Structure formats: C-alpha cells, structure tokens
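To keep things clear, I will list the structure first and then write my remarks on it.
A, B and C are the chain letters, set down in written order, and residue numbers restart from 1 in every chain.
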Amino acid sequence: MEFSAQNLACRRGDAVVLSEVTFAVSQGEALILRGPNGSGKTTLLRCLAGLTPAVSGSLSFSPDDVAYAAHADGLKAQLTVAETLRFWAQVFGTRRIEAALDAFDLRGLMERRTQTLSAGQKRRLSLARLILTGRTLWALDEPTVSLDTSAVAQFAAAVRTHLAGGGAAIIATHIDLGLRDAATLDIGQFRATQSVAHDPFLDEALS
Amino acid sequence: MIALLRRDLALAIRAGGGFGLGLAFFLILCILVPFGVGPDSGTLAKIAPGILWVGALLACLLSLDRIFQLDFEDGTLDLLATAPLPLEAVATTKALAHWITTGLPLTLAAAPLGQLLNLPAAAMPALVLGLALGTPALSVIGTFGAALTVGLKRGGLLISLLVLPLYMPTLLFGADAARRGAEGLETTTPLLLMTGISAASLALLPFATAAALRMNLR
Amino acid sequence: MSIWKYANPTQFMRTSAWLLPGLSVLAALCVATGLVWGFFFTPDDFRQGSTVKIIYLHVPSALMAINAWLMMLVASLIWLIRRHHVSALAAKAAAPVGLVMTVIALATGAIWGEPMWGTYWAWDPRLTSFLILFLFYLGYIALWQAIETQDTAADLTSVLCLVGSVFALLSRYAVNFWNQGLHQGTSVPVATGERSVADVFFVPLVFSMVGFGLLFVALVLLRTRTEIRSRRLHALLARERAADTRVAPNTPPSESPTS
C-alpha cells in the first residue's frame, strides 16, 4: 500500500498556508519533512491526521490509518506510566503495552506518576503510545524534542522496527535520525500562493 | 468509552477539585443563604427548593470549563480526536464523568442540606428525585457549553453566559416539582417534563458537542 | 439565476447598495407615519388613556425581536449547510439589532406596565421569555466577540444559535407552565383573523410594524455590508503580510538542503 497526497491544500485558521502538496510514501519507507518554522509542517501533519479538513486535493488513505503525535505530549500528570499506556491501548483496542514499554525502555518507570518524569522521559512515554495505536502511518511532529542521544537512538530504532513491520512514517524533524533511504520533502516549496489562497472577500479587489 | 470514563474519574479524584469543589461550594451557598434572608424557618422553608436548585446549578457550572480545557491544553484532545472512538462518544463520556463527580454528589447532599434550610419533609422525595433526573441534563448541556468555548483563553466567564440560559427549563421544572411537593401537590408532571428534557439532551446534544469540538480543533 | 448568487459577497454588495437607499427611506416613512399617526391622531383608550399609545413602539419591536432570532437561525443553517460567508455575516449583523429590539420591547413594556399593572416588572411568561431571549442574544454576541478565527466563530455561533433556538422555544412553553401571568393576549392574532385592537388603532400599528420590519432589513443590510468590508480589509492585510514574508525567507540559505 502507498500513502500519497495529490495537490493537497491545507488551512491554518482563516488562511490557506499550503497548496499543491504532493508526495508518496510506500510501506517500509519514511518521509522527513523539512522547512523553516511556520512553513506549515504542523499544519500538514494535522491535515493528514484528519484534524483539519483539507481545503482541496486528495489523500489515498483515511485518517484512521494515521497515528498522530503532536508537539504536546498529551500526558496527564496524575496518571502512572502503566495507566497511561493501558488507557491508550484500550482506546485503540490493542493489548501490546509490553512492546511499547520495551521499545522506549519504560519498564523501570511503570509505576511512576507522569508528573515525576523528566521532559525526556515524558517524551518517550508519549512516543511509546504510537506503538499501541497499531496504525500503519505514523505522522510525527518534532518527535525528538528534549530527547537525549541515546533516547533518539531508541526512537530511531522504534521507527525502523515499525518500517520493517510494513509501516510508514512522515516525520517533521530537524535532526538526522540515521534512517537509511528516507526521502526528504522541503515544505517551503508548497507555501500557498495568492491565486490558490482563494478568498471570497477578495473577488472584487482582484478583478 | 469505559476506559475514558475510568481515566476521567481517576483524574478527578487524584487532581482534587473534581468531587470536592462543587460540593463544598454547594454547602457554603446553602449555609450563607440563611445569613442573608434571616433565620425565620417559614421563609427558609418557602425558598429552600429554589435555593437548593440554584445552588446545584451554580455548583455544576463551577467545574464545566475543566471538562475539555485541560485535555485541549496538553494535547490529549487532539489525540482523542484521532482515536477510533468517535467524538460523540467522547462527549457523552465526558458528560457522564462530570455528572458522577458533580451531579451525583449534589443529589446525595441535597437531602441533609434541605434539612438545614428547613425544607418540609413532604418536598424531599420530589427534590432528590428531581435532582437525580435533572442533573444529567445540566452535565450534558454544560459539556456542550464547554465544547463551544474550549479554544478560548477566558472561556470560564463566557461559559456561564452561554450555559445558564440553557439551564432555564431544567431549573424551572426541578424547582417547581420540589415546591409542589412542599405544598402537597402532584409532582409527576414537572418531573416527567424535566426527565424529557434530560433524555432529549442526552440523546441529541452530544452531536452538537462533537461538532463544536471538531470546529474548535481545526 | 438561482437565489444563491446573492451569497457571493461581490454580488451582495452590488445588490444591497442598490436596495439600501430606497429601503431606508421607505422604512423611515413607514415608522414616522405609524408613530405620528399613532401618537397624535388616534383617540385615547377609554380605560388606558394615552398610555396605550406606547403600543406603536412596543408591539413592532417585540415582533422584530423574535423575527431577528428566526432570521439568524435561518442564516446559521444556510452557513452550516452551504458555507456561504454572507449568510454567516448576516447572522452576525442581525444579532445586535435583535438585541436592541428586545431591549426596546422590554423597556417600553416596563414603562407601560407601571401605570397599567402598577409594577414595572412581573414574572409573567411573556416578559420572562423576552428576558431569556435577551440573555440568548447576549451569549450569541459574546461568543462571536470571543473567537478570533472568523470561520470558526461563524461555525460555533451557528451551532449555538441552533441549540439555543430549541431551548428558547422550550423555555417559552416552560414559563407558561410556571406562571399564568398578567400579559394580555396577542394584539394581532394571525391564525384567528380576529383582532383585539380596534381599527382606529390598528392601521397606524400596521404602518409601524411594517416600518420596523423594513428598518430591521435595512439595518441588517447596512451592518452586513460593514462586516463584508471589514473581512475584505482583513483579507487584503493578510495578503500583504503574505507577500512580505514571501520575499524575506527565501533570501537566507535553506537550513536543510533537499537530498
């Protein structure tokens, strides 16, 4: 299966920020999104995850194939690591929290409340959630923020395992994850142009 | 849904403020009123149904902005929206959790507080039954208000302005049932009408709530 | 051509510019005729004296207070279903007009109520319904003000308008159950065809009602035009900003060359 986008246009707030986004990722492949801050990486990922409906264009997959990991960790300070993972496993109807614990080396932290974790540990916990979703396409927004070198390696290994298992990933990141033959997509080239950012209130001004 | 409900309840208990705050507010309100209107037991008995219902309403309002706000800020709401659970189910579950942490304790506390306000014993069944049947509507309507204002910085004040007019019919029938009970009149009609409002809100409003959440997450 | 062509902002601006002057003059004439005729050229009521003349303000404003909400409901539905921006902006524009109509109805009612019922306010079903309507208008306007993203604001206020309409209707019948009230019946019952107002009072009242209706339409058109202009201004500013940033970020070398 191939995950592709054709001439996708995405909006953020009232403005269309991306247009003509076209890419394809096959199973077993990763796509790295690059681009300066504010170029629309988050906007694109939210669009792929189905949070923001696309203005135009088409996707070859449904949002139900996508596991989205946002900038925010989405963790509750009062829950323990095991409770957090069990909760998401139940929501996604999977039972494999052991795999997630092992992939991010969280076994020793199982009974700790999230509020006592360091920023990097929280990040690892929130990434471990991805394994529980059981979904094919990972859409990750700056996943390596506050991770140290060894944790980045863990994360890269988890991504490789996911790819080897027939998954795919679209990752917005600035660091080199050491993923061999990962394609790179520069988001800057898709910045919406005026003609595409059709605004009904500019009709008269344009004519 | 059960997982989400259990998580929300666990959070409410551990974070504090969920169970306790609304209930404490209700208690304080009922204690303050006699200081305001005087200790005359006849006057208190007369206004007790209204005080208890308005108090329950305000206590419910107190915790509304927490329903989605915390999940929105830490990114959990985004993740829930992308999960297989439909947002309508999330909305219903959140309302249920809010009711268990607010409406249910208020209902249980109403009887002793009614004694405090000298509520006639004849009114007690109608009051407690009315709260049990009416507070679910308060939670469901409140969840809708919370969904409308989830993206806002100062949502807390706005939520009262949006939700209180929607609470009007429930308050009216609920307090009326208790008042009729106190006068020894038939209470079935207002109770049934109020149950109708609760049932219809529970059946229909989660769709509006989910729609509002989707609009806010865009 | 279908009616939907007026949903295009440009077309709307053109048509409303053509309609507005005539409509405003007509509204002013009708309101003036109704009020002057009603105030100075009708006899005093034998029981109520000259206080009855406030009816020429009270009834039309009450009528428009309800109709404004109905118009907002229809406009909200059109926005939610067909995504016509003008519709959402018309609903936004109508809300303050409806609010003012509600306040006029409440205030004139209170002034009329004092000599008639001996009180400015009573918790009568009709009065209470209007007070609730007033709160709904306040909430609706506050929600519009609070949300910055315009399309989201239009979406959320439309949902509120829908849900609010159901609950407003519910409240309307709930208060009947609650208190029987002092207010007289409808002045102009449409269904029965009978009138509780005598002809001498009725004709100027019709003028006044039609005038208020036209005034409402004219005000909503005017306010919608303002809203469209403001949105156009925002769109132009956004485009200018976009044009500025387009020049800037291309100059520094891209930090990650594409492989």
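The rule we apply is simple: contacts are C-beta pairs under 8 Å (C-beta built on N, C-alpha and C of every residue); 3 or more make two chains touch, one makes a residue touch a chain.
These numbers were taken from a predicted model, which means no experiment stands behind them.
K.L.:
So, comparing C-alpha centroids, which chain is the farthest one from subunit C?
P.N.:
Following the centroid criterion, the farthest chain would be A.
K.L.:
State which chain is most central when centres are taken as means of Cα atoms.
P.N.:
B
K.L.:
Based only on mean CA positions, could you tell me how far subunit A sits from subunit C in angstrom?
P.N.:
The computed centroid separation for subunit A versus subunit C comes out at 45 Å.
K.L.:
State, to the nearest whole Å, the distance from the C-alpha centre of subunit B to the C-alpha centre of subunit C.
P.N.:
31
K.L.:
Compute the distance, rounded to whole Å, between the mean C-alpha positions of subunit A and subunit B.
P.N.:
37
K.L.:
Give me the residues of subunit A that touch two or more other chains.
P.N.:
none
K.L.:
In subunit B, what residues contact two or more other chains?
P.N.:
218
K.L.:
Out of subunit C, which residues touch more than one other chain, so two or more?
P.N.:
In subunit C, 152 touch at least two other chains.
K.L.:
What residues of subunit C sit close enough to touch subunit A in their complex?
P.N.:
Per the touch definition, subunit C meets subunit A at residues 8-10, 13, 85, 148-152, 228, 231-232, 234-236, 238-239, 242-243, 246, 249, 254-256, 258-259.
K.L.:
Mind listing the subunit C positions that touch subunit B in their complex?
P.N.:
132, 135-136, 138-139, 142-143, 146-147, 152, 155-156, 159-160, 162-164, 167-168, 170-171, 174-175, 177-178
K.L.:
Considering only the defined contacts, which subunit A positions touch subunit C in the complex?
P.N.:
That would be residues 13-15, 34-36, 39, 174, 183-186, 188, 191-192, 194, 197, 199-205, 207 of subunit A.
K.L.:
Under the touch definition given earlier, write down the residues of subunit B that touch subunit C in their complex.
P.N.:
That would be residues 144, 148-149, 151-152, 154-155, 158, 161-162, 164-166, 168-169, 172-173, 176, 190, 193, 197, 205, 208, 211-212, 215-216, 218 of subunit B.
K.L.:
Can you tell me which positions in subunit A touch subunit B when the two form their complex?
P.N.:
11, 46, 49-53, 63-64, 66-68, 70-79, 83, 86-88, 90-93, 129
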